[in-house]
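A single structure is presented below for examination.
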Amino acid sequence: MAAILFYILSAVALGATLICVTRRNPVHAVIYLVHAFFALAMIFYLFGAPLVAAWEVIIYAGAIMVLFMFIIMMLELAPDQTTEGPGWKRWLPVLLLSGTLVVCTLLLMFADAETASGVPRYYASPRTFGYALFKEYALAVEIVSFQLLFAAVGAFYVGRREKRKPRRAP
Amino acid sequence: MMPDWIITAILVAIKLGFVLALLLTGAAYLVLAERKLLGRMQLRYGPNRVGPFGLMQPLADAVKLLMKEDFIPAQGDKVLFFIAPGIAAVTALITFAVIPFGPPLRLFGREMPLVVCDLNIGLLYFLGLSSLAVYGIALGGWASNSKYALLGSIRALAQLISYELSMGLSIVPVVLMARSFSLTEIVNAQTHIPFALLNPPAFLVFLISVLAESKRTPFDIPEAENEIVAGFHTEYSGMRFGMFFVGEYINVIILSSMVTVLFLGGWHGPLLPGIVWFFGKVMLIAFLFIWTRGTLPRFRYDQLMHFGWKVLVPIALLNVVVTGAILLLLQG
Amino acid sequence: MNLIRGIKGTAQAYWITLRTMFRKPVTIQYPEQKRQPFPRYRARIVLTRDPDGGERCVACYLCSAACPVDCISMQAAEAKDGRRYAEWFRINFTRCIFCGLCTEACPTRAIQMTSDYEICNRDPLDLVYEKTDLLIDDTGKDPDYNFYRHAGIGVVNPRGGNEDEKPPADVRDLLP
């Protein structure tokens, strides 16, 4: 059961990403990418890591994709003329993907209730996850966080206000 | 007699129906309460014509919204325009599933926790849904193909992301103190003393972030009426607008419940039954929201960003470090 | 210091709204409670009569000319004795802005404003008032004023033919 769900979800993730790459309209692409993230989150859940699944949704789908959209809207990358024609036909893939995701969620829920095949053998509670992250892999976490710090400092440097040159007397 | 799972299913269905009905009527009457209270703050009566004391006003509003023309902008993205209000309303509705609103009840000889689904990562579920709720607003504004709606969406995106950060950070001390992500356990950790007294900075930061998260005055720049018409829902009419509207008020109820659960000790309180305490606290916070709307003017956009990133986030971060240190010291 | 001032200012604002919430609203509950307007309130226009009971209006078109929204129209006519009157007189209250310029322009104080402000209707055509709707049996604001007493009726009668006039003196006649 878990294996079947895994393959379905992987197919959804891959398909959504593929459609995302081929979209011309950036906002539509974002929507497909969000579907891919959802499928990924559910795969994480399937592997017994609900915390990672939640972070996937919160950080990737909730924050990073929203920032993407923010920038897309600011830059006005979208084509200014939306194509005329049957709107629902264009959105068939999205309906299909989200439908599959919903069905998979329901299956996961009922599988949980059965405590049979659906539940993973290994279950990472937030506590074990935290211990693993900050004890075993502490060095890696620190290195990554330093990288992020560098990125933040770099962004700050690039985005700093230009000092106005003292005006020379004519 | 009946098999066990049928009773369970019936109980869950009753619980779901109760919560759904409660949320929807609660949202409808919150609108009325807001209009009446704001009216009194401005020396007016507020709606008082429909039914006794205007109590049927929500019904009249609903009928009005249903009868209105459903307008779709010609150049807009029709499908997204259709879906966006749904996203806004549904994300608001299903967030309530993890909020425990009373002590466990004994019914038909079985323990029934008064929460639709006691998730062990309920807090993350709440955060995830509140970050997904942004999509309804962003897509709605973008699909309208109107400059005001787009401006409103952009403002909403920037505001919600910034304030979600401080909101998430101000929850961290709560999780540290309660040692759990489950909302029921967080409430139970506050049996004697609510976290609002133990950690006032986190409470204040959370309260302010929640105000910003619900897009209400002083943080209502995404729909600032006198700048950008109605922000992201400028082009919406009829029940589609109604869904945005109801979603917003359900959001107010949910965020008030979150404040209650995380900082005010949930259903714990002397004398009265738990459920009364819970809803009393929620109403108090909702009143605070309305009161604030009647009192404070709107922030400017740069003030909002400045306040979020340079005041709230550092305070919340510092608070996380200090709380963690104190907890470590206490543990010995 | 700044922080304390900020907190104090915010708390004061909250206190004021809370206090105001328990004060009596100033709203007048309109259909049940009605407000008594001031005596010179400018609302529905009427045509008044002179103390003798005749129409004051002489159909001079001055009100119609003064009206900025052109809501007054009429047709002048003359009676046998040369007295001018309005054959029909029409005010379109859907257009009227109640500026009062017509009353200022009126030389005979015929057109006046009353304090009846309840002019609303489902059918806009019902708001076009004809002369019968406008004319009232009262002298209005200036009860003693009677234009024709002062000015006499027109010049259709021969000179001196009016009621309180003497016939003109014949300059070629030596008799007094």
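Points worth noting:
Chains here go by letter, A, B and C, matching the order in which they are written, and residues are numbered from 1 within each.
The rule we apply is simple: a contact is a pair of C-beta atoms (placed from the backbone, for glycine too) under 8 Å apart; a residue touches a chain by one contact, two chains touch by 3 or more.
This is a predicted model, so every value here is computed, not measured.
Viewed as a network of touching protein chains, the structure reduces to a simple linear path.
Looking at which two chains touch through the most C-beta pairs, you get A-B. Averaging C-alpha coordinates per chain places the centre of chain B 57 Å away from that of chain C. Our note on geometry: chain A versus chain C, Cα centroid distance of 72 Å, whole angstroms. Once the centre of each chain is set as its mean CA position, chain A and chain B turn out to be 24 Å apart. Residue ranges on chain A touching chain B, taken from their complex, read 27, 31, 34, 50-51, 54-55, 57-58, 61-63, 66-67, 69-70, 73-74, 78, 81-82, 87-88, 90-91, 125-126. Within the complex, the chain B residues that touch chain C are 37, 39-45, 291-292, 294-296. Residue ranges on chain B touching chain A, taken from their complex, read 75-80, 120-121, 124-125, 127-128, 130-132, 134-135, 138-139, 142, 145, 150, 153-154, 157-158, 160-161, 164, 168, 181.
Every residue of chain C that touches chain B in the complex is listed here, in rising order: 10, 13-14, 16-18, 20-27, 29.
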